[in-house]
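What follows is chain A paired twice: with chain B in the first complex and chain C in the second.
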Partner chain A sequence: MDSSVPPPVLNSPPSKARRYGAQRGVKVFLLWLSVALGAVALSVLLVLAILALAGYPALGILHRWIIGAAGNRFNCAASVADACPLLLTGLAAGVAFRSGVLNIGAQGQFLLGALAGVALTTRFILPGPPWLVMAVAIAAASVAGGLWAVLASVLERYRGVPIVLSTILLNFVALYLVRAALHGPLQAADTSAPQSPQLKVIYWLPILIRNTDFHLGIPLAFAVALALALVLGRTNFGFELLITGLNPRVANLVGVPVARRQLAIMFLSGCCAGLGGAVQVLGVTHFMLGNFGNYGYTGIAVALLGRLNPIGIAVAAVFFGMLDTGSRFVEESSLALPHQMANVVKGVIILAMLVASAWMMRRSRSPVPETSENPTSRDPQQVES
Partner chain B sequence: MNISGESLGTFLARQTVQAATPLVMAGLGELVAELTGVINIGIEGLMLMGCIAGYAAAGISGSGQMGLAAAILTAMGTAAIFAGVTIWAAADQIVAGAAVNILAVGASGLAWFFYQTTRQAAHQSVSLGPQVGFQSVALPWLSRVPFFGPVLFDQYMLFYAAVILALLVWLLVHHTRTGAILRALGDAPEACQAAGISVRTWRTAAVLFAGACAGAAGAYLSIMRTHAFASDMTGGQGFVVLSLVIFGRWTIPGLVAGCLLFGGINSLQQTLQTTRYTSHSTFMHALQHIPFEFFQMLPYVVALLALATLSRSSPGPRYLGQAWKQ
Partner chain C sequence: MLVLENISKAFGPVQALNNISLAIAPGCVQGILGENGAGKTTLMNILFGLIRPDRGQIRLNGQVVAVRSPRVAQKIGIGMVHQHFKLAPALSVTENLALAVGRNFGLLHRAVFRQRITALANRLHWAVNPDSLVGDLNVGQQQRVEIIKALLGGGKILILDEPTAVLTPQEVDELIPAVRSLAEAGITVIFISHKLSEVTRLCDRIAVLRRGEMVFAGPTGELSSGEIAQRMLGTQSAVPTLGASSAAPGPIRLLLSRVCCPVPGRHGVKPLLDNIDLSVRAGEIVGIAGVEGNGQTSLMDAILGSLPIRSGVIMLNGRDLRHEAHFRRARQFACIPEDRQGQGLVLSLSLTANLMLRSYRNPEFSRFGLRRVQAWRAQAAELIRSFDIRCAGVDVPIQALSGGNQQKALIARELCGHPPVILAVNPTRGLDIGATAFVLQQLAAARRRGGAILLIHSDLDELLSLSDRVMVMYAGQLFPTHWPAVDRAVIGRMMMGVAPQAA
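Let's turn to the complex of A and B:
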C-alpha cells in the first residue's frame, strides 16, 4: 500500500452511503420492504419463542401487544406520540450518516434541546403570548442541539478528534450538564431530586385530537421529515451535503465549500435532535427528569431501518413507537412482562436488517473488491485549501 | 464509606485501582479487536450481558466462579452475533454495535425479570448471599506493605487477572509473530490475505476475545466490586472504554494510564461527594458550592481535552471500522 495515501480515520467515505444503504429504485425498495417485514417477523417470533419457553402465553402476549400498539384511537395516538422523539433523533442520525458523518451524539443534543425547552417555559419565560413563548423555546432548543453538534465538528476540524468519539463523550457531558441544571437553577421547589417543575398548562403543546396524546409536535416532526426529504433529495444544497460526505476531495474539486458544508451537516443533525428534546418536553412529559430516555441511541437504529431516507425514517419511527407503546401495554396488563422486551425486538430487527442489506448490496453491485475504493482521509486539512 | 482506618491517599488509590480494573479488562479486549480492524461500540452491551449473566448464574448456582464463567460465555455468545453480522456478513460495525447495545438492554431486562420471578416463586432470596459473591484476596506478606499493600495486593481476583492479562497482551502484540499478524489485520488485511492468513477467522477470534474480556469486566461490576444488579448498571462504562482505547493511541501502557486517570478522577469525585459535607477543611467547604454533577462530568471533559491537545502521532489501525470482503 502506498504510504503517501493518508490513513482513514475510522472509516472510508467513498463507500459510506452505499454501506448505509443509500440505493434507489422501485425494485430495490420492494426488496427492502420484504426484507424489513421478514426481519420484523423473525424478531417478534424469536421473542415470543423465548417467552413461550419461559412458560408465558405467547399468543396472548402478541394479541395484547398489537392491541396496545394500535387497538384503538387512543393507542394509535400514543404510538405516534412515542414515535415523535424517535423520528427526530432518527432524522438527526440519518442526516449525518447519509453524508458519512458518524454523529453518535443525538442523545446529548436531544438532552440539551429538552433542557433549553424546559428552561424557556419554566424559569426564563419571555414576556409574550404562550404560542410565542413555545415557538421561541422550540427554536432555541433546536439551536442548542445544533450548536452542541457543531462543537464536535469544530473539535474534529481544528483538533483532529474523531466525531464518533467526541460525540460519545459529549453525550455524557450533556447528561451531567442537564442534571446539574435540574439540580440547580431549574429544580422544582418541592423536591430534592434532579427534576424541573411542571410546565404551566398554557405552555403545553395543544392536543389536536381530543382525549388522545396527539399533540402539535407530532405533525411538526413529520413536517420536518418531509422538508428534509425535499431539501436533501431535491436541492443543490442537499446534493452538496451528500457529496461532501461521500468524497470531500471530489466535493472540493467541484467547488463545494467543504468545511462549511461539514459544519452544516452537523448543525442540521443537531437541530433535529434538539427539536426532538423540546417537543418531548412541551408535548408529552411537561417536565424534565435527570433520566430522560435513550432516544438518541435508538435514533441510530431508526435511521438505519429507514434506509437514511427521511420518509423511511418516519415509517421506521412509527413502527418503533408501536413496539414501545404495545410493550408498555403488556407490562401494565396482568402479564406484567417488562417493557424492555421491545428492545430485544429492536436489536434483532436491526441485526437481521444489517445482514440482509449487506447481502442485498453484494448482489446489486459489480464485484469490485472493497480495497479498490481507495481509503480517502476525512481529515479536513486534506480537503481544505 | 468508611475511610477511618486508612489515610485518604491510600483510600483514593485503592478506589482508583478498583474503578480502573473493569475498564482495563474490557479495554484490553477492545484494543486487540481494534488492532485487527474491528471497532465494537456494543462493548457497553457486552458488559451489561456479563453483569446480568454473572449475577444470575452466581445466584442460581450459589458459586461466584460459575457466575464469572457464565458472564464470560454469555458475553462471548453476544460477541459472536456481532462478529457474524460485521465480519461474515460484512455489515457496518458502528450500527451493528449500536444494535448490540439496544439488544443487551432488552435481553438483560428480560433476564433480570425472569430471574426475579423464578426466585420469588421458589421463595428464594433475589439478592446474593454473602458467601456467593467474590471477596478481595489479600496476598500473603505483600498486602501488609504500607500503602502498596492495600492498594495493589489486597484486591479482587479479577484485578490480578487484569494485570497478568495486560502483560500477556503486551507481550503478544509486540513480541510475537501472532502480534504482528494481529496488527497487520488492521493495517494491511490484503497482505494477510496474500500470506494465506484468513482475515475473517482471525478477526472473529479477536472479537470473541474482546467479548470474553467485556464479560469478565461485567461480572466484576455485579459480583465482585458490588454484589448487586441494576438495569443500567454499566452506566456508559463501555463507551468510556471505547474512548480510552483511542485515548491511549492503541497502546497498552496508554490504555492503562487512561484507565487509571479516569478511575482516579472518578473516585476523587465520589469521595468529594461523600466527604465534603462532613469534612472540616476549608477546601472541602469551598467545594460544597460546586454542584457534584460537575465532578461527575470531569472524567469525560478531561478525556475530551486530552484528545484535543495530544498530538495525533498515531492515527490508529488503517482499516479500523471497515469490513473485509473476500
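Let's turn to the complex of A and C:
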C-alpha cells in the first residue's frame, strides 16, 4: 500500500506460506500424537484398575500383554497378521466415509470376498500354476466385494434406498448367502457343519518370514494402503473425492461428476473389503466357517481411529492387531485371564482412543478467528507495492 | 441502561477490540457502524455471551452482569439475530420458536406459541405463517422468524447483526418502522450495519468502529454522512466508479426460451419458473432484480441443470443444454453462488485448494491425473496477488479468512480463466464497502473482456449501477424493463408485483 515500503524479495510469500503450512502440519501431528499417547496411558491405567479390582494380577497381565503383542519376532508377525484383515476393512470404510459415502457394509463385502476366494481355491480351481490360481482368486474376490458394494449404490440410484441402510442389510444377506454356500456346494465332505474343505497347501499364500505368520497378504495390504494414500492425496480423482465428501454442493457447482465418483468409491471400498476376505482365507485360516469374524464392523472403528486417512488407518490396524494378539497370549498364559475380561480390556482401550480421536477431530474443525486484521496478512500486499 | 465498559478482546495477535466503552439508553436505537472485520460482530458476541472479553465489564441498570453464555444473555433480556440464521429447516415456524424459547418439561405448547407468534407478527406488520416449514421460507422470511424468536423470550434488548444485508430495498423500508415501533415499546435495539444510509435513517445514536477502536459515538445528527464514512473507512475511497459497457454487445451466449418448471415437492409454496424468456449477450450484464424467494434460486438451478425443467429450451452458445450431463453443464459456467460458504467454498480446505477447484483439471495443473502441487501453489500465490486476497499464506484454511476475502477468493477462482458466461447471485452480500467495490469492478472488468454476465442481485442500487439491461423477477415470472429509461421506483414497484404496464 505504502509506496515508501522497500520492495521485498519476490520469493517471500510462497516460502513463507510453505513454512506456515509445514509448521501447522507438524503442530497438528505432534498434538495428535500426544493426545493418542495420553489416551493410551490413561486407558491402560483404567484397565489396570479394573483388573486389580477384579482380583487379577494387573501388572503381570500388562507385561504379558505387551510381550504377546510385540515381545519377539513371532509375536510381532502375529500382530501384523491380525492387523491385515482389519487394515483392509478399515480402508474400505475409511475411503468411503472420506468421500461422504456411508458404506457400513464392509462386513458383507469381506464375507463375499472370502467366499469367492475359497470357492476358486477349493471347488472351482482353474487350470494353471498355483500362483495364477491364487492371483485369480484374490482378484475375483476383490471384484466380488466391489460388486456387492455397488449393489447398494444401484439401490440408492434407482430406488432411493440410503446406502447406510442397504449396506447394513446386505451384510445379513451376505452372511446367509455364505452359510447357504457352506452348507451346499462348498461344504466339506467329512462334516455336517457349515464349513468349507481346507485349501491345498499349494494354494496357501506363501510365508515370507520363516516360522512366523507373516504371509504375502500382509505386504499386499500395506501396499494397498500406500497406493490409496497416493491416489487420495496426489491425484485429481482423490481431490474430487475429497470435495465430494466435504461439500457435495461445491462439487456439483464446479462440475465434479459426483454420482460417478461416489459409484467409483463404492466399488473401490468394496474391493478393499473383498480383498481382505480373500487374504484372510488364503493367508491365515485356509478354510471358511459359517462364522467368519467381525472384521467388517471392527474395520469401521479402525477407520475412525485412523481419522479416515489410509496411513492413519494402517497405524490403527496394527494397534488393533497388537491388542488382539496380546490378548490371545495372555489368555493362553499361566495367568489365565478369561476371554471376556480380555475383551473388556480391549474395549476400554479402543473406546478411549476413539474418544481422544473424536476430540482431536472436533478441535481441528473448530472455527478459527478471522485474521483479516492480522499484521502478517499484509504480506501479499506489500509485495504488490 | 446498558453500559459496556472498557471491553477488549484479542484473537491471537489480532486485537479485535480495544477498550470499547458504550452506554445505551432503554428504547434507544443504537447503530453500530464499521467495515467487515472492524469488530462489530465480536463486540455483539461478547454482549450476547458467545465470546468472553479479555478485559472490561457489562453493566445492566447499574449492576455488573457476567454474560457467560447466550442462555444467561437471554435470561437478562438480551436477544440476538445473527447474520447466519440458526433455524431448523425441517420444522415449522412454531416448532422452531417453541424449541428455542419455551420448553416446559419437554412439552411444546404449539397452540400457545402459534398465538404469541401471530400477535407479535401483527404488531410488526409482518406476514408470518406459523405453520409453514422454515425450509420453505426465503431468506427475508427466515430473518423475520429469527427476530420474532429473539423477542418471544421477553427480550428487552435486541441485537440485529447486519439485518438488512439480506433484504430488498422494500423490505428494508418495512423493517425500519417495525424497528421504530419496537423502540417505542421500550425495547433497546442495537443495529449493526455497514450501510450508512440505513443507519442514519433509523438510529437515534451511532457508534463507529474501525479496526477494533471506537472512533465515534454520539447522536446521529452530529456528523454528516460524509464524515461518518470517512471515520469508518479511514482514507479509503468509497463508491466504485463503473463505466457502462462501451462496446456493443456481441452474440447471444445464454438463451432461455419459454422455460417452465414443475411444482417441487408437496409443500409447493416456492415460486416456480413460469415461461421464462431470457438472453444474455457477450459483453453485457443482464441484471435480475426481485425480492428474494421469487424464483431466483430456481432460475439458477435450472440453468445449471440441478433443477429439471418441464418445457422450454436452455441454450449455451447455440447448443441445447437439456441433454447434457449435469457436471458437463456446470463446467461451462462460472458461478458466484448465493451461499458462498455452503455452495462456493470448502471451508475446511486450504485457500490453495479452494482457488483450484475449477482449474485443477487443466493440463497446466495436472499431469496424467496427478496433481502438480508446485503449479498449484504458484497459481494460488498469483491469484492472491492479483485479487488482493489478504491471508497468512497459501495453506491457511479458507475459513480463517474474513468474509470479504473469502468472496475475493471465490471470485478469483471463478473469473481467473476469463469464462465466457458468468452467473452471479448476490455477489456483494455481507461485504464491506471496499470489498463490494472490488467485486463490482471485477464484474465490470469481466464484461469488458466480453463475458456474458447474468447478475441476480437483491441490492437494487448496485444492480442498477452495473447492469446494461434489467429484468424483474416476481412469482416465478420474468418481466423486462426499459432501464435505464425508467425510474428506479418503477422497478421497485414491479418487484412488489405491480404489473409492468400499470407501473
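Here, the second predicted complex is superposed on the first by the 313 of 385 C-alpha atoms of A that agree within 3 Å, B and C clash if a C-alpha of one lies under 4 Å from a C-alpha of the other, contacts with A are read in each partner's own complex, and residues count from 1 in each chain.
FYI, a contact is a pair of C-beta atoms (placed from the backbone, for glycine too) under 8 Å apart; a residue touches a chain by one contact, two chains touch by 3 or more.
Computed from a predicted model, the values in this text were never measured in an experiment.
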First, second, both or neither for A:358, with chain B first and chain C second: first
Residues of chain A touched, compared between chain B and chain C (which is higher): B
Which superposed partner A:70 touches (first chain B, second chain C, both, neither): neither
Partner chain(s) touched by A:165 [first = chain B, second = chain C, both, neither]: first
Which superposed partner A:338 touches (first chain B, second chain C, both, neither): first
Touching partner for A:104 - first (chain B), second (chain C), both, neither: first
Touching partner for A:35 - first (chain B), second (chain C), both, neither: neither
Touching partner for A:54 - first (chain B), second (chain C), both, neither: first
Chain A residues contacted in one complex by chain B, in the other by chain C: 19-20, 369-371, 375
Interfacial residue positions of chain A with respect to chain C in the complex: 13-14, 16-21, 24, 234-237, 239, 242-243, 246-247, 249-250, 252-258, 260, 365, 367-381, 383-384
Residues of chain B touching chain A in the complex: 39, 41, 81, 84-85, 89-92, 94-96, 98-110, 112-114, 188-190, 231, 236, 239, 242-243, 246, 291, 293-294, 296-297, 300-301, 303-304, 307-309, 312, 315-316, 318-325
Residues on chain C engaged by chain A in the complex (per definition of touch): 11-16, 36-37, 211-212, 304, 306, 325-331, 335, 337, 342-350, 353, 357-358, 360-361, 366, 369-371, 377-378, 381, 384-385, 388-397, 399-402, 404-405
Chain B-touching residues of chain A, taken from the complex the two chains share: 1, 7-12, 19-20, 50, 54, 102, 104, 155, 159-162, 164-166, 168-173, 176-177, 179-180, 183-184, 294, 297-298, 300-301, 304, 337-338, 340-348, 350-351, 354-355, 357-359, 362, 369-371, 375
